[in-house]
Structure formats: C-alpha cells, structure tokens
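Heads up, there are several structures right after this.
Both complexes below contain chain A, partnered by chain B and then by chain C.
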Partner chain A sequence: MKKTVLLCLILLVSVVLPARAGSIVVVAHTDVPVSALSGDELQRIFLGKKMFWNGGRRIFPVCLKRGGTHESFLKSYMDMNVSQFDIFWRQAVFVGTGTPPTAFGSEREVIDFVRKTPGGVGYVDSSNVQGELKIIKVK
Partner chain B sequence: MTRKRPGLKHGFLTFPLLFLLVPGICQSFEIGTLNVHGFASQGYLRTTDNDYLAKTKKGSTEFNDVAVNVSKEMSDRLRVGCQFLARDLGDAGNDKANLDWGYGDYRFRDELGVRVGKVKRPMGLYNEGRDVDMLRTSIFLPQSVYREDMRDIMNAAKGGAVYGTIPAESLGSFDYQYVYGSKDLDLDSVALRRQFLNRFPGVDVEEIETNIRYTSTAHLFWNAPVKGLKLGVSYETARIEASSPAVPDTPTNDPDVVVPGQPARHLRIDLDSVWVTSVQYRRGDLMLTAEYIDTVQKFTMDSGPEGRVSRKGHSLGYYGGIDYRFNPWLEVGGYYSVYYPNKHDRNGSELVAYGMPDYMGWQKDACISFRFDPVPGWICKLEGHYIDGAAQVFDYQNPQEVEERWGLFAAKVTYSF
Partner chain C sequence: MWRSMNIAKKILLPLGVLVLGYSLTIAYGFFMGLQNNARLNTLATTVHPASLLSQKCQRLFEEQIKLYQDMVTNGDRKLAGQAREKGEELIRDLEKLEGIVNDPVMKSQIATTLKDCRDFNTWAPDVYEEMRKAAVDYSDQTVEKATNLAEKWKAILGDLKRYREHFSSIIHNELLATGKQLQRQGLVNVLIFVVGVGVSLLIVLIIVMKFIRSPLQKTIEAFSTGAMGDFSVRLDDSSADEFGRLAFFFNTFMEKLEEYNKDLRQEIENHRVSLENLRKSEEIQGKLVDTIPEIVVRTDMGGRILFVNDYAMKLTGFSREELLGESMLVFIAPEDHDRARNNMLLAQDGEQAINEYVIQKKDGTILFFEVGGDVLRGEDGEPFGRVYVCRDVTSRKLAEKERARLQEQLIQSQKMESVGRLAGGVAHDFNNMLSVINGNAELALQDLGPSDPMYNVLHDILNAGERSANLTRQLLAFARKQTIDPRILDLNDVVGNMLKMLQRLIGEGIRLVWAPGQPLWAINADPSQVDQILANLVVNARDAIDDTGRITIETANVVYDEAYCKGRADCLPGEYVFLAVSDNGTGMSREVMERIFEPFFTTKRSGEGTGLGLATVYGIVRQNGGFVNVYSEPNKGTTFKIYLPRCVTEDSPMALGKEIRIEGGAETVLVVEDEAAVLNLTRDMISKLGYTVLAASRVEEALALAAEYQGKIDLLLTDVVMPEMNGKELAQRIEALRPGLKSLYMSGYTANVIAHHGILDKGVRFIAKPFSLRDLAARLRETLMAS
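And then the complex of A and B:
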C-alpha cells in the first residue's frame, strides 16, 4: 500500500510540476569552442553581456517565444520569470543598449538555427535533440 | 541654445492614437536586418490638492508618450540605432518629437565597448529607462531619486560612453559604464522653468539660452554571487548654464517715469557631486529595491554690476520598494520615498524663517501600484499616492497656498511593439 501511494505521489509530482533543468539541454553549433559553460557565463550570454566566444567569434543566442521549455530554462538557468526576462530585453531595446536574441515559436526552429549558424546557441527539451549539435554542459 | 515653441496643449491621445489607428504598424517588425520597435502611452493624473506636474486638481490627460526606434547590426561588433520620443507632462514636452538617443555602438570585446552619439545617462537602477513605462510596476518612479523636474537634465547627453562587463569568477561580475557629454536644454520643461524663470525677472523665456556645458557620469553594478542580488553605485558631476540678455529701461507715457530694466545675467548650476547607491534583490516573483541619492550643488548668479551671488545646496532622498508578480497578468508593487531638498534642514525650520511653510522642506510619498498585462503588448496601470510634504510641488504651478498632505491618483495605458 505504501509503495502504491509513493508511486502515485511521484507520478502526480511529475505531471503537475513543469519540466526542470534536468530535461532542458543547452545546444550549440558544432564549431563552438567550448563544451561546458558556467551558470554565470550562460546568463551573460542570454542577457547580451557576453557576445563573443573565446577566440572572438560572435555568439548568436536564440530563444523560444513561449511555452514550458522557455519558462523552465529561464527559471532554472537565468533565475528569472518570463516577465523579468522580457522586461530586461525591452529595456535594452528602448534604451538602445542591445538587440534581443532571436525568438522562435518551436524547438524545431531553434535546432535548425543553431545547427546552421556558426556561434549559435539555444536550448531545447532533451527529447527533441537531434542532428549535428554540440550539447553544452552547464556547470 | 533653445527656443520655446508654441505649445500643443491638447495632449489627450495626440500621438498614441496615431499608433493605434494605423493598422499594420502595431507590431515589432524587421525590414531586412533593420529592427523597428515603439511604444505609445496615455495617462491620467488627478490630485486631491496641489497641482502637481500638470493641472491635476481638476484631472489632467496631459500625460502621454510615444517613441519609435530603429536599429541595425552593421557587423558582429558594430550596431547603430536611434529613437525619437515625444512626450507631454503638463508644461513639459508638449508632444514635440526629439532625438531621445542615437549612436554607433562598437563592441571591441565583452569587457570593452564604445558608444558615440547621443547616449542615455546611467544613474541608479532606472534612469536610462525612466521614460519607458513598461519596464516597471509603478507609473511614477520614486521622486526622491528620479525627480521628474530633473528629467531633462538627467536623461541623455551628446558625447560618448565606454562600457563593458567584467567577469570576476566566484565574485560574480561587474557591469560598468562611463558617459561624458553636453546638451542643449529646452526651457519648455518643468525643471528648468522652476530653476531659471524666477531668476530672470522681466525676461521673455524665449530669450534665455540654456545648456548643459558638460556632464560626467560613472556607473558600476556588481552582480553579486548571491543569486538575484545586484548592488550599484553611480557618481555624477555636471554644469548647467543659463544666460539672458540685458533688458533696457523702458520709458512710459509719463516722461518722468521709467520702468527699470535688468542687466544681463548668467546663472550657473554646478552639480558638484551626485551619488546614488542601489541595491536590488530578486527571488522568484518577488523583487526588493532600495536606493539612496545625495546631491551637492552650487548656484552662482552673475548679475553684471550687481556682482556675483553664490549659494550651495545639499539634498538627499531615498526609498524602499517591493514588487510581486502574482501571475502573468497581475503585478503589485509599492514604495515609500523620502526627499529633503535641504539635507541640513529636514524639519523646514529655515524655510519658516523665510516665511514659507515648513512642509516645503520635505516630501514623503507612500505609493501602491497595480500593473495589468492583459494581452501581449498591452499594459494598464493604476496607482495611488499619499504624500506628506510639498518639497516637489512647484510654486509657479500653485500661486495660491500649497497643502501639506495630499493624494495623487494616476492611471496609464501603454502599447508597445
């Protein structure tokens, strides 16, 4: 009986809670010169403060427009909610200090962009990773 | 040099309607690699007593902004862009479109970038984005630090900036920026009317030339290793100048009576030091903010034969605020803001000696704000203030008695793309 209750609880939690960092992967173009980033580096990339890979190649971060993967990425890796991330980039746009990452409506488009764009980096649900991509470990 | 232009006092929905009525321009778009963004807002202000920034005792809709910007990445390291902004807030702005910012931005590396042109001036957490309503919960920023009467002086400067982000491993990272420049000033603004007009009696406002001779601003943020914690400090010096020509003696119909003129006058306001310290802590949907400002300034009036008069001033202000996002469409925030125009006379006793009420010596503002984000691109805000003191109530807008305790209600709708 206890095992059944425990199993039900685990199932319930897995259904109710949004996807966590474990199911989100950071992906990059194969020419990106790193295989791991610190959490701070990843944050600086998606806030436009780190624009160049080691060696000087431009970083092209891409985002999802909405959805659970986007929310989980922001919460787990950026310590932000959707509104805070949106406001950060709106400030950059209307103060003139930066251009927001290109945002796509689907993970398929994120993968296609990253695969085709040298310096590209994005995030997707781990179940959607396919094709020639470099998986970036976040320390 | 500036010239006052004829005011467009209709205010209500002047520019916002252009955006909202023209189909097809109400969304962000790209022309090739040219990015185009904009916003338009319309507000309403009403006070229980004291006209504040506009004729608010009877309610005022002279409270709107509209902006359009374009930017383009010319290369991996070079970006250019500009923004035009038109705003109206009582006597200020009058919907005249101005270049808000416009510059070339070259990023040598993550640690070093350069901007040349008209650049926004960083000061505290919000000065650069003070005109952009969608960036915060409240309609009015805390007036102790972000004084509306100083907006035209603090907003931007023509010159250049260096900036960058320096990672510091286990210490987090540092964002820095230094801006140097100058700027012509427009006397069609609340701030400058208050500062200058009563110092040039008998002079037509159009004859007064004003400018910021120089401004120098250094700004540093520390993104601390504690998640969500940001600490900042800004330091600024500036010189603001205003000059009027001599007004000759004027004979009247009676040849024995002559109305005396005024000598040429030159007013200089030196912001000797403006220090702003900031702390912001964000955890999930909660954000806590506090800032402190300390300003030392010197007024020097050169009145020709009358000689030179000089006076120093030392003001301070601070606030603490809290914002919480309950869900994607509702955010509630509040702050308590305190401002003393004379740091050494916080109870206004020196003002009483000059025949003024003591409550002109402080302004304490308790504010609560509700921000609604009903659909993407649209924001509605409602805000209430209970204010004790009238240090930022302008005497030229309130020739009658100024009340000590008063309320302010504000509402604003903003559309952005």
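And then the complex of A and C:
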C-alpha cells in the first residue's frame, strides 16, 4: 500500500514539474540525421547499446561529470540516478562491453565537443544552447 | 542314432542345445558387463575427478571475477585480496587437473589456460585497482586494459567452461554409451529370449509333432483299426523309444488278439452251428408241439398263458391273441374251475397228477380232456412257470358212455334173450297145443251153424286161442326168435292194406292221416312184421291221445351219410325207407323215453298193456337191419320213425292184399309132424280141403311112404324140427326120390339151423304154427301153384 502511494506521488511530481525537465535539451551535431529521438533510443545511446546513427555514422555520446543538469538529464531521460549510471558503466567497462561516454566538467565543453564531433550527441541546459547544434527533440 | 534315442532324450537334446545358446548369451552379456565396468571405472577414476576439478576451477574463476567486479563496482579494496586467493587456488586446481588428464591435447590446452590464469593474476590487481580508483571517469588506457583483461578472463572462463563441459560431455557420452550398450544388451537379451522361446517352442512343437503326435496318431489309428475288428494292423516298432516299445507290445497284443479272434470266430461258428441245430431242433420240436393232437400250454406261476400250440387254437377256436395273457381257466368249463384251481395249487406243492376236465370251446362246445402238468423250475430250483399237456379224451369218454350204453343194451339184450329163451322154450309146445285147440275149434265151427248152442262156445275158444297165438308170436318177435319170411315189399302197399284195420283199432275220435311218399324204394321185410309194427305204434299213439287227436302215418326215402350216423349207434350210412307214426298226444318224458323199448316196461295201467309192444317193434326193426328214432315232447306229441334199409332188386314188390280164399285141391300131400295131435289136426284140415293126405309122424315113416306110395305126391308139408332129421333134410331126401316135389314147412318155434338164422332159404315156403284153415289152404295152394 505504501509502495502504491509512493508510486502515485512520483507520477504526480513528474506531471507537476514538466518545466524543469524541459530545461534540459539534447543537442547533437548538425549532421546527425535525426532531429528527434524516442526516450528509449536516447537511453540506448547513452548506455552504449546504440552506437550508430541511421546511415551508419558512429554515435559519440558525451555527458557531464556532475552537476544539476547531469542529474536532471539522468533522472528525466535515463530514469537513473548518478550512482546507477556510474555502476552501469563500471560493470560495462569491466566486462569489456563498451566505452562510457566522454564526460566533461562543463556544458560548454559538451557543446563544443558536440558541435565539433560529427555524430556527437549530448545534453545541456536549454539556456546554455549556443552555436550550431541540432537540438534533438525527445519524444 | 536319433532312432535309438528314447523320447526323453529326444526332448532333452534340443533343450540342451537351447540351454547352451542361453549360456552363450549370458556369457556375452557378462563380457559386455566387464567392458562397461572398465569404462565406468575410467569415468570414476579419471574423468569424474577431472570434471569435478574443472567445475571447481570454473566456479573459483567465476568467484574471482565476481570479486574483482564487485571491487570495481563498489570500490571495496579488500576484495582484491580475496580475489587473489581465489586465483591462487585456481592455479593449484588447474595444475591438479593438468596432472589428472591423460589426453595430451587437453593437457596442452590446460597448460595454456594455466599460463593465461597466471598472466591474469599478474595483471588483474593493478588494472582493477586502477578502475576502482578512477570511478567512472576512465581513461582510454584504463578502458583498453580493462577491455583486454575482460577478453582474457572471458577466454579463460570459456576454456574452463569448455573443460567442464568436456568432462561432463565425456561422462555424459560414456554414460549414454554405456546406457545404450546396456539397452542394446537388454534388447539382444530380449531378442535372444524371444527367439529362444520361439525356437524352443518350435523345437518342442517339432518334437511333439514328429516324435509324439505323429507316432501317437499312428498308434491311435492302429488302435482304432484294431477296435474296428481288423486285428491284422501293425505298427512300425523299429524305433527304440517308448513308441517303439509301445508298437512292439501293440503288435504282440494284436497277434494275440488275432489268434484269440480266430479261435473265437471258430467258437462262434461252432456256436452258430449249434444254435442253428438248436433252432432246427426247436423248430422240429415246435412243429411237433404244434402238430401233436394235444393241447400244450405254458403259463407263469400265476396261471397266465404264455404259450399255446397251434392245436390248442385249432381245437378250441380261440386265436392265439385271445389266449395269451389269459388265465389257464379260459379253457376249462366253469363247473371245473374250483377243482382246477385246487389242482394247480397241489401241483405247485410238487404233487403231479393227471386230471380230467371239461374243456369249453369258444363256441361253447364241450370236450373232455385229460390235463397233465408239471412245474418249470429255474437253475435255483425256484418255480417260474407251469407246462400243461391236455389230451382230448372226448372220443374215449363218448366211447365209454357208448360202452356203458352198450353194456346196458347188452344187459337189455340178455334180458330179452332170457325172455326170448323163455318164450321160445314154451312157444314150440305152446303153438302145437294152440294149433290143436284152434284147429279143432275151427273144424268144429265149420260143421256147426251159428244157431248151434256150441257155436259161440267154440268161437270163444277159437278167439282165445288166436289171442294166445298172437301173444306167443309177439314174444318171439321181440326176442328176435321169430321165424320171418321176408319179401320184397312196397311199404305204401303194406300200410295201405292196414289202414282200415288201423282205423278200427284207433276208434272214431282220432283222425288217421296217411301221407305216403312217392315213389318209395322197395324194402325186404316180412309183411306180417310190418303189420305188427304199425299195429303196435298206432295203438300206442291212440293211447297217448286222450279224446280227439290226430295220428299221422307217413313214408319217405332218406339217405344217411356217415356224418349223420356218427352220433347214432344204431345207424349205418345208406339208403332207407322210413315209416313215421306221429301223434299229437301227451308225449313222453325223457326218463320214459329212455326205457320205452324195454320189454315189459309199460306206462299203461295193469292189465291194459303187456309191455311188449315197443320191444317187439324194436326187435323187428333191428332184425331187419333198420333203426328207430323217437322224438317226443311232453304235451305236444310223439313221433316214431322206423328206418328200414332199401332193397335194391329187380324183383317187383309182392302184391299184397289179395283176398285169401279157402281153396282146396285134389293133389296128394304128404304131412310129416312128430306131434301126433298136430299131425291129426293137420291131416283133417288138408283132407277137408279135398287133398289126398299121406300122414307120417316120423321121418322113417315119411321116407317109406314116399318110396312106397304108388301115386304121385305133389307136396310135402313138414315140421321143421323133428327128432331124427330136420324138415329141410327130409325134403331133400324125398325130393331125391320124387323129383318135382314141392315143399311147405311149418313150425311153431324153430331151433334148427335155418331158423337159427331167422330166415328160411329163399323160395322155401313156410307156414307158422298155429295156423288157421284159411291160412293153410292159402299156403298149400300157393305152394302147389308155384312154378
């Protein structure tokens, strides 16, 4: 019963605070052939399970090392917290199944890397979006 | 060899082969078991420890990796030490595994893995420590090392898995192979079992069919043939088994049977011949029993008839069906039943006797039988029936009765003979005296007129004398001592001449009916005797009628055959003329009828009858070869039937009824009579008739007269019985002297030879004393006139 009440509260918060999520945008290099991604596709890209864009170009996902944007992104789009995201990638590296996204200390570095790296994709707070970037709409 | 084996060996041999097959199969199974055991031993000593070690190695390495992974993920540095210990234990176990494994390839692979493990243990602590420290922010070098190391441990883990799987696979395969082999072995066993059982059954079947059923069938067929009576059947006894011995004994048995059968057949044939002889004998005996003129009957102890011969049926008129099962008493007349039952009981007690019974035929006829019987007894002595032989003694009984009757008749005859002797004894003298009395009375009457006072006296004397003469004549007649003079007669003439006299005799109140039969045969009889018969019968008839009535006289011809005469003692078969005198008077009782012919038996009052009338009739009829039947019923009447034998002759019956006239003559008559009074009377009577009389009282005198008399002597009148010579001899002597002499005999009672026979020679003239003048005149004239 308690679990049911908790689940209901979480759903309520998600509905009441859409503006916060909406402040984080997924940006990508402009040659990225897509302009929108599903939530599942976005999770697969950042967990190393989708490694190529449609058309064959390699995906280079990047993330922030820490910070609110990183936590919000993980929480909003990956449905994970920071610890869970780290443990996932430690085990993946341990078993040799993937390389974790390159982590930057600032959103700027993220924007720069994305902008400069074809196939690059990252996330920044919407307020920090600048330059030639493709903002990927997450459906 | 096979033939010399008995059935047990013949069965055991194939079964032994079968057991040997089974033994080989079991040995093969044992060998295969050893193989499996060796394989399983290898598994237990080598493969199974290797498999366990490989599993342990895999587990240890997986635990080591897990410890490193947890260390990297959780950042716990202490886990590195545990991981290192696991790694060292792994190295030791791999080295053990390498030592156990014999396969060089596997050994080499394990050695390689061992080297990789050592390398991993060398590199892994550093790389993972580095990852633990760097958190998620790995450098590319770190990621690369981690990736390489991951490749390494994955390869090691793959090898260890492969080893484990390899050994598991070996165990699995070996077990599978062993299982398959065992399965195959089981299948083979089942197959061998099935085939063995099949073969066994087939062998048993073959043995049963060939060595048991076939000879058994032959034996059964042989027994069957033998049972049908063919004892010549034999079995093949060459085999040494039980069937061979059975066949030997069967053949011996059959030979014995054949021998016995032959003997038995011979005995049967002998028996059949005996039976045939017995049957023939029985047939002959049966025919004898059926043919003998005696009734043969067999009964049970209850007297029920079980057998009768043909004669019994022929005689009694019963059919065999009517007699069988009936009581023996069915034969016997009811009045003898009690006696017969009593005799049967006595016979049962062993008393045998011949009894006489009256047997009653089916038609009621009575026969007399002598019945002899005996009790039939079985071997145990118990009686089971009776046999009777019944002899018809009817003829004997009748003969006895007849004998009795004849005896009675004999007595009667003797009685009559006595009377006859008495009568005859006196008749001669009596007749002579009567001749004198009557003759003289008659002569006196000739000289006296009716007005003379002596006339009536002499007439009375004459009447009394004639009645006395009649009485004497009757006495002689019934005694058959009467000298008769039979002639050829027509009975109708005799009766016709008597009718007037008879009518006078019976009086006015009784009607006399005369019914002569036409034409009537002639008879040879003395007419005077017929007159006597008629007179006697008519007088009796008259006396039987009280006032008025009818007397019928009839005559007819009859022929009697043997059948008719069979039951009548007097009757002889032949042709008869009967004279019946019937009246419708009082009739007679049976008792009277039985005695009517007895002399001096009379139903008339004393003084009215002499009792000689019917006795005379009987005597006359018998004297003439005839017989008398009497039919009488009380209150209805009586019929006397006189049967006189027919006389077959060319002579015509003598004419009767001629009026006898007193006619004299002039011829010379020689009279010979030893009785002086009679001689005188006769001489006077002849003289009175006009004849010349020469009288002689003795034979010598007569012969002298005949010789000496000068004139012709025409007739000799002589007494029949004389002291010196009888009349016939005298006549012959005188006839010798005087040829052509005629003779007339006279007699009262004659005892000479001629008279003994009762008949004078044919043609001889005769006159009975006493005679009247009229009679004498007639007889003289008749004799003289005869040619």
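One rule holds in what follows: the second predicted complex is superposed on the first by the 120 of 139 C-alpha atoms of A that agree within 3 Å, B and C clash if a C-alpha of one lies under 4 Å from a C-alpha of the other, contacts with A are read in each partner's own complex, and residues count from 1 in each chain.
Assume a residue touches a chain if its C-beta (ideal position, glycine included) is under 8 Å from a C-beta of that chain, and two chains touch if they have at least 3 such contacts.
Here the structure is a predicted model, which is why all the values come from computation and not from measurement.
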| item | value |
| --- | --- |
| When both partners are placed on the shared chain, which of chain B and chain C touches more of chain A | B |
| Contacts of A:127 with chain B and chain C, given as first, second, both or neither | neither |
| Which of chain B and chain C A:84 touches, first, second, both or neither | first |
| Touching partner for A:40 - first (chain B), second (chain C), both, neither | first |
| Touched partner set for A:30, first chain B, second chain C, both or neither | neither |
| Which superposed partner A:99 touches (first chain B, second chain C, both, neither) | both |
| Touching partner for A:58 - first (chain B), second (chain C), both, neither | first |
| Overlap of chain C and chain B interfaces on chain A (superposed complexes) | 87, 90-91, 93-97, 99 |
| Interface residues, chain A side, partner chain B - complex | 40-41, 44, 49-52, 56, 58, 79-84, 87, 90-91, 93-97, 99 |
| Contacting residues of chain A [partner chain C, same complex] | 65, 85-87, 89-91, 93-97, 99-100, 103 |
| Residues on chain B engaged by chain A in the complex (per definition of touch) | 35, 37, 39, 67, 69, 71, 73, 76-77, 79, 81-83, 101-103, 105, 107, 109-110, 119-120, 128-129, 132, 134-136, 165, 167, 172-173, 175, 227-228, 282, 284-285, 325, 328, 331, 373, 416 |
| Contacting residues of chain C [partner chain A, same complex] | 68-69, 72-73, 128, 131, 135-138, 140, 142-143, 146-151, 154 |
